[in-house]
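What follows is a pair of complexes built around chain A, which joins chain B in one and chain C in the other.
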Partner chain A sequence: MKIRNPFLLRASERIESDAGFLRLYSPLVLDYFIDNMDAEELWNTFLFIRSSPGAGKSSLLRLFEPASLLTLLNRKSGDEFKELFKRLKKLNAVSDDRINVLGVNLTFTRNYELLESFSGLQPGVRDRLFYSLLNSRIITASLRAVLSLARLKFPEDLHKIEFNYKDEKLYFKKITVPCDGRTLYEWAADIEKTIYELLDSFLPISPASIEGHSELFSLEVIRPEYMLVDGKCLFDRVLFMLDDVHKLSSKQRDGLISHLMEKRSSTSIWLSERLEALNNLKTNRGRDYEELNLEDYWKERESKFEKLLTSIANKRAAESREDVEFALDAQQNELELADAYKEAKIVLFATISKLSQETIRFNEWKQYLEQFDGTEQEYCELAKQIEIIIHRNLARSELALEYTLSVQELIEKIDEKVVQAARLFLSRQFNLPYYFSMATLSKISTNNVEQFLGFAAPLYERMLSLNLNQTSVAISAYVQDKEIRKIANQRWKDLDKMIPESGLVIRFLENFCAYCSSETFRSTAPYAPGVNGFHIDATRTIRLIKEEEWLSNDIFIDLQTVLNTCLAFNLLHVREVMQGKKGQKKNIYYLNRWLCVKFGLPLSYGGWRTKKPDELLRWIKR
Partner chain B sequence: MDKKIEDKLRWDPYVLLRNSEVTTFTSEHFKVTERKVLYVMGSGFDYRMNLGIRSVKNSDTAIDMDCLLIQYDEGKSSSSRKYKPLVDANLGDLKTIIPAEKIIVKHIDLWTAAGKKKQRVGDKNASDVFDDPALLAPYTDIFVDISALPRGIYFSLIGKIQAIIDLNYPSNEKNFFIIISENAELDSHIKEFEPDSELSYVFGFRGGSELTSDKKEVIWLPILGEGSAGQIEAAHEKIEPDEICPVLPFPSRDPRRSDALLTEYHKLLFDELNVEGQNIIYVPEQNPFEVYRTLAQTVKDYNDTLHSLNGCDIVISTFSSKLLSIGALLCAYEFKVLNNIKVGILNVDSSGYEIEDEESAQKMGDKSELFLIWLAGESYKS
Partner chain C sequence: MRTSLAEKLLAKIMEWTPEEIDQERPLMQAMANLKWNEYQQFAPGTRFLESLIKWLQQFETLDERKVGYRLVRDHLIFVSSEQMAHLVDILFSEKINPLLIKKTAVELSLSPYLVSKIKNDKLYAQNRRKSLFIGLSDGSRIDQFRRGAYLNNEQVIATYSIGPEKVKDMLQNLEKDIPDSKFKTVFLIDDFTASGMTYCRPDGGGKLGKIFTSIFKDGETFYGAVDHESLEIHILFYIATTDALHNIRRGIEGWKKSKGLNFNCTVDCLLEINDTSKQKITSDQELMSFMVKYFDGSVVDEHYEKGKHDLPFLGFNECCLPIVLNHNTPNNSVAILWMPADKKYKGLFPRISRHREDKYED
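Right after this comes the complex of A and B.
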């Protein structure tokens, strides 16, 4: 059934059909694997997939589930699926006639964490129950995946699976193996149910009655050669995908990771988790594990991300019963803004005249501006650029010689950053549109499709209204800018209802954004086009605390809380940059781009300032 | 009683009393002198904290009563810290109703911190207060007053007491009552903020939707109240239901309340969550037993309809008054005991509360209505 505004619809990854999901899935992210490792290396690597919420972790995992791969195999020649199939074939996940990898996807929820906080359990018992719950869920998920791959029915066809494992290590105490899939499933399901009952019973249940495990043996016993259907081995390898690992308690997560690293042999394991601050592994990347940071990946591919969003917008619009396309004007409407530019032209020229009245240095520049033969918009942009360059020149401390600077010198000084800063300054000073066009909307989405839909839905509502008036549905730059700022303001207003520790977080963001604003809008535009990020210099912490310890020091507990909340709720995102000594990487905390809109900041990357932890803490306390 | 319900419901018939009926009942009930009362209540800033205990105590000053006062800390931005003067004033007032030596204070933590993460554990901790069933033994009558208890506590607390009574006193030897001071206008002056980010099902009512080995269709029954869009969205994201049946209050004191709720949530329900109009369920605003019956009927109907798909799991969330939430609790408890259909409760608790316009809110406190819900005891003896 078609609906009025399909941009509002929250079709979760789970609800979307496999074909619909694959149609919208951009295969570009698979290039990471293709470019960085050969197929065998990929399957033998312990991989972390990290991103902010909504950036595509779970979608990537879903792609490797049997149902998705089967759908893809069935439609591999279709135009919409060809590219995806080609890439997965390169990775050896599929061949022309079969699926090579059994993707077992297990999503963690908070109920593992409950074991950790559940009163009345001894620490040893907690660990044993944690591993038996994990074993149980990995085994049931694997059996379901095998049925799905074999196109068999759950649960009716469980008995058709032969579990051929010879239990030499005596992992299975209550069933005899080898056995059929049904016996194995019932055993595993029973463990899950009894643990669940323990966690949910008002009346006391003794944990001694539940089968506890001391290790994660499920990864060892679920192998292609042990899971046969009709006597045949259906796949070449198993890929265990553990999603939302951050939902485990810190102790469980750390324990699980070190257990997996120690125990893994040729098993393929992917762990996906939300980016969290200050959560480093004590092992070496490259040697012990690899990491795919989805945000960083898309950062290099902004234009491709925009294409992806355009495609999503077109597909959503096609679902509307109103038959209205999603259209955003990419240019300013100069007729609509004529008065504003006329006023700006006068003000800007007067400002430049005033700035240069005591010197002859800028006479040629003024003359160049007066004689400039362009539209009023172009004139104003040039005037603002000249104003910035004059401010920079005047700010120099050395005594300048009094001679006229040439136009050539001016042109050399106007680089892309100055152009961008001038646009931003102009928009702020004269209330001109700044946030408009699909490219800008793509930037505001901050590599997050859900965030894009959050902004696109009200814009599409506008288009539907314009359609009622039987005018062009394309929204003008001016209206887009107003609407986008309105949405950002509303999000900001709702923030205290949406996030924990909102008082601290809001105060921190307000102070940080005020700082960004003051740095950005300095008349010399020193960090053009502007500042919207910070780097934490842990080597510059207050004296009494050792450099590496500030993360765990109680003095900074509020800062840790704020940073973790900001990352968890996608208010800040981290990007790695190479800077300083050769190969030295720095983590830059950037504002989510919708916050840039709220505080009138630029959407560009690269504008960040280094801050000490205690300076950041002051933003929380003030 | 709807004929479609083949099995007899546990609370049918039921006893629900309000306002003057409560005092009339208690003065009659406590004429029997050998009664001994345990009055469980929360310590908080809510103006309604002492209305229930005052009413019961006033009906007969000679009642032999112990008061178990639950104190809880909601964390840094806790309202009980912010409104400490109000909490202290309520406590002082309580001591004028019942002597201090009769007040047993139990402190429970709502949160536990494991590393950098905080987890809500108030539900389990509240339930643990009654780990020793001997605690109830000396009493003939147990009251739980939820007027100043947060949702994060009272579901598990009531569930636990009811479970102990069911196990140890199966012939209705003990009377078990819930008391609520209801005031929708005052509720609208108490704003919640900072909702929990990591949601989990209420202890004792986790239902079955997180059992991965027994995946079923998930049906969500959110009981709607005003100003909860953020919480509804958060709960939806957690539950990922296959079908949603919004529950609206009607009949209600304000006959247009359910219309107003539909207007408030129109975009969220129909445009974003794609709810079908025919899924809306109406329940009377001031009768938790009717809420329980309607929800129980819905649970059974859905399970029957989806029988060929292995049945369904139900999740109930309450974004409305405490009175309505008791209906959800009774429904979930009934199915927990029957152990045939899994019914879970997922609420979105908040860390912060703020009283808007304290002065007028205080005046409203006196206009609250008192409800007494009788769950076990003499009236249910066959």
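Right after this comes the complex of A and C.
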């Protein structure tokens, strides 16, 4: 059923029908695989998929589940599915008449962590139970996937699966293999049941009664040639997708990853996790594993990300029962803002006159401005640019010679950064729109699809309202700016409910943003268009603490908490820049762009200041 | 009427700006889908939105329409069928079972907190079987209640006016299960009361008087079926106002005194409504004058006049409730919510009256 505002639908897990999901899925992210790997390489790799919540991990995994692929195969020629099918075919996941890959999706929940906190067990036993539980769940998930792919019913048709693995390594203790799917399923279900009985029991139970496993053999025994239906092999390869790995305890996660790395079997394994579980893998990327960091991927492809969002927006809008397009005005409406610009024009000229009354240096510039033949908006922007350049000129300490500067010199000094800064300053001074257009919305989304939807949903609601009022549905720049700021303010208000240690984090962000604001809006616009990031330099202050150790020092425990929380909840994100000595990389912590909106800062990258750890700590304590 | 057309009309008559539409439309849609559309007394084909538009259109000025809209948005309490079903489902465990446990505890001389011990005793099972459950109206949903509480068919009846044959039948069935026994506890169940007048009226009338007579007067329907020695009567409502509970308790005491009888009788409910919602409405002068203006005095008949009626627009007995039940709006709610379709001003959730005034002769 179509709904009023499909932008309110979130996360793949919550979109129920497969066709609905596929219709809303934008295939652009698959280009990562197409661009970076040939098909064989893709299927033989151990791949990490990482991002903050909402960047599209689970959606990507859901795409490879049998139910999604079957739906796609059935409707491959439909206009809305064509592109997606083409890309998946390129990846060899599907052919024209068949699905080539069996996607087995296992989502981790916090209950695995329970095993770890179960004090009644020896550590060795705990590991064995963990692997048993994993094996049983992977096998159950695989059986389900096979039935789904064969369009059979679970669990009624389990007996139709032939599991003809020859148990040479004696993995199966309680059943004889080869066997049929039902026997295998019952074996797996039995293991899971006994483990739960153990966990639920108040009394000590001997774990000896449970079949413990010392390795993850399920990945080895689920192969196309071992899983037959009606004597036929239905697929060419198996893709194991382990979702939400960050929900395991850190010990389980580390153990699982190193176990998988050691085995390095030729099976395809994708692990998806949030960035909160980020740590060094001490292995070689490329040889041992590949990593797709969804946000990093989009970071380097700004225009492609905007294209992705446009495609998502169009797909969502097409799903609305109201038949309204998602349309944002990309230009300011001069008519709507005529009064504001008229006032700005007078104020700006007066400011420039006042600034230059003591000197003749800027006379030609003033004259140039007076004679400028453009729209009111263009006039005001030029005036603001001149104002910035005059401020810069006056700020010079050396004694200047009193002669008139040429227009040529002015034009040379006005670079793109000054243009951007002038636009920002103007909007702040005269309450003019700054955050508008699809390109801006894409920047505000900070490489995160869910964040985009968070902003797009209320904007689309407005389009629906405009449609109901029988006016044009495109939202004007002025209204976009107002609404986008309103949404950012609301997010800010909700922040204390969303994050742990919110008191510290909020104080830190407020102080940091106040600092950014004071640096950005200095009259000379020294870091044009503005500051919205910082780099941590430990070398200059903490003489008593070794530079690389400051982060693990107890004095900075609050700072560590704040930075970790900000990264895990995507309030800050890190970008690497090359600066200083040759080849030296620096990590810059940038504000998530919605925070820039909240504090009226520019959305550009590159404006950052170096701060010492104790200065950062002061922002938390103050 | 198509929803989008109805929404267009609504936005037009309310003169909403796009910003207001952003806020109001999702709310109206969600509430209509969740509950309001299920009102059973809408004319066939009518849904909430159409009713709302017609309702708002009868108000002369935009300001009045805004006041009307505010009554719906900020004050209306709609009890859906699902919510009522939930109350029915929990009545036994929340109200009835504790009474049975308490009664058994006294008889066993045990502390009522020893729940498992009491429930495992056969006396508890007997007390449960020796309870008679009587529905006082259709709204009591006594069938659903019986199934949910796993009660014997022969101890639950949907109405108090049944023939002596049926009572005899029930008693025989009880004696089959527990020889030489009679009903020791009577539960009277109804869905809703706002004034309590239907049950106990100042003039001595009302449902309860009739039922008590049929229990305590020799030769009446239930007289021979109950054990007068240890009889307990419990009157239970799913929803009741605090005032109504007081009035009924007072009425029962009066009845007992006038008949010189003494028996254990309690009155209770699952969801008690105090006068906060009433105060919210009566303290809003704008809303009060709006309701005065849009009131049709012809709804005041002899039945209506049995309650307080100095401010008749506040509903029967001036209860001033903002409540609508999914099957009908109580006449104790403010009149502008329920006035029937044949009146000068129509209610948003028009009510089907219990006391119809059809004319059969000239």
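Quick notes on this structure:
Keep this in mind: the second predicted complex is superposed on the first by the 490 of 622 C-alpha atoms of A that agree within 3 Å, B and C clash if a C-alpha of one lies under 4 Å from a C-alpha of the other, contacts with A are read in each partner's own complex, and residues count from 1 in each chain.
We adopt the following convention: a residue touches a chain if its C-beta (ideal position, glycine included) is under 8 Å from a C-beta of that chain, and two chains touch if they have at least 3 such contacts.
Just so you know, these numbers come straight off a predicted model, no measurement behind them.
In the superposition on chain A, A:R4 makes contact with both chain B and chain C. Of the two partner chains placed by the overlay, only chain B lies in contact with A:A188; chain C stays clear of it. Once the two complexes are laid over each other on the shared chain, residue contacts for A:K611 go to neither chain B nor chain C.
Contact with neither chain B nor chain C is seen for A:R274 once the two complexes are overlaid on the shared chain. Of the two partner chains placed by the overlay, only chain C lies in contact with A:E322; chain B stays clear of it. By the touch criterion stated above, A:K443 is placed in contact with neither chain B nor chain C. Of the two partner chains placed around the shared chain by superposition, chain C is the only one that A:S465 touches, whereas chain B remains out of contact. Between chain B and chain C, the partner in contact with more residues of chain A is B. The residues of chain A shared by its contacts with chain B and with chain C are 4-5. Touching chain C in their complex are the following residues of chain A: 4-5, 322, 458, 461-462, 464-466, 468-471. Within the complex formed with chain A, the residues of chain C that make contact are 4, 7-8, 11, 16, 18-19, 21-22, 25-26, 29.
On the chain A side of its complex with chain B, the touching residues are 3-5, 8-10, 12, 14-15, 106, 109-111, 113-114, 116-119, 136-137, 140-141, 185, 188-189, 192-193, 196, 199-204, 247, 249-251, 278, 494, 496-503, 560-561, 564-565, 568-569. Chain B makes touch with chain A in their complex at residues 76-77, 112, 114-119, 121, 124-125, 127-128, 131, 156, 159-160, 163-164, 167, 192-200, 203-206, 210-214, 230, 234, 236, 240, 242, 267, 271-274, 351-352.
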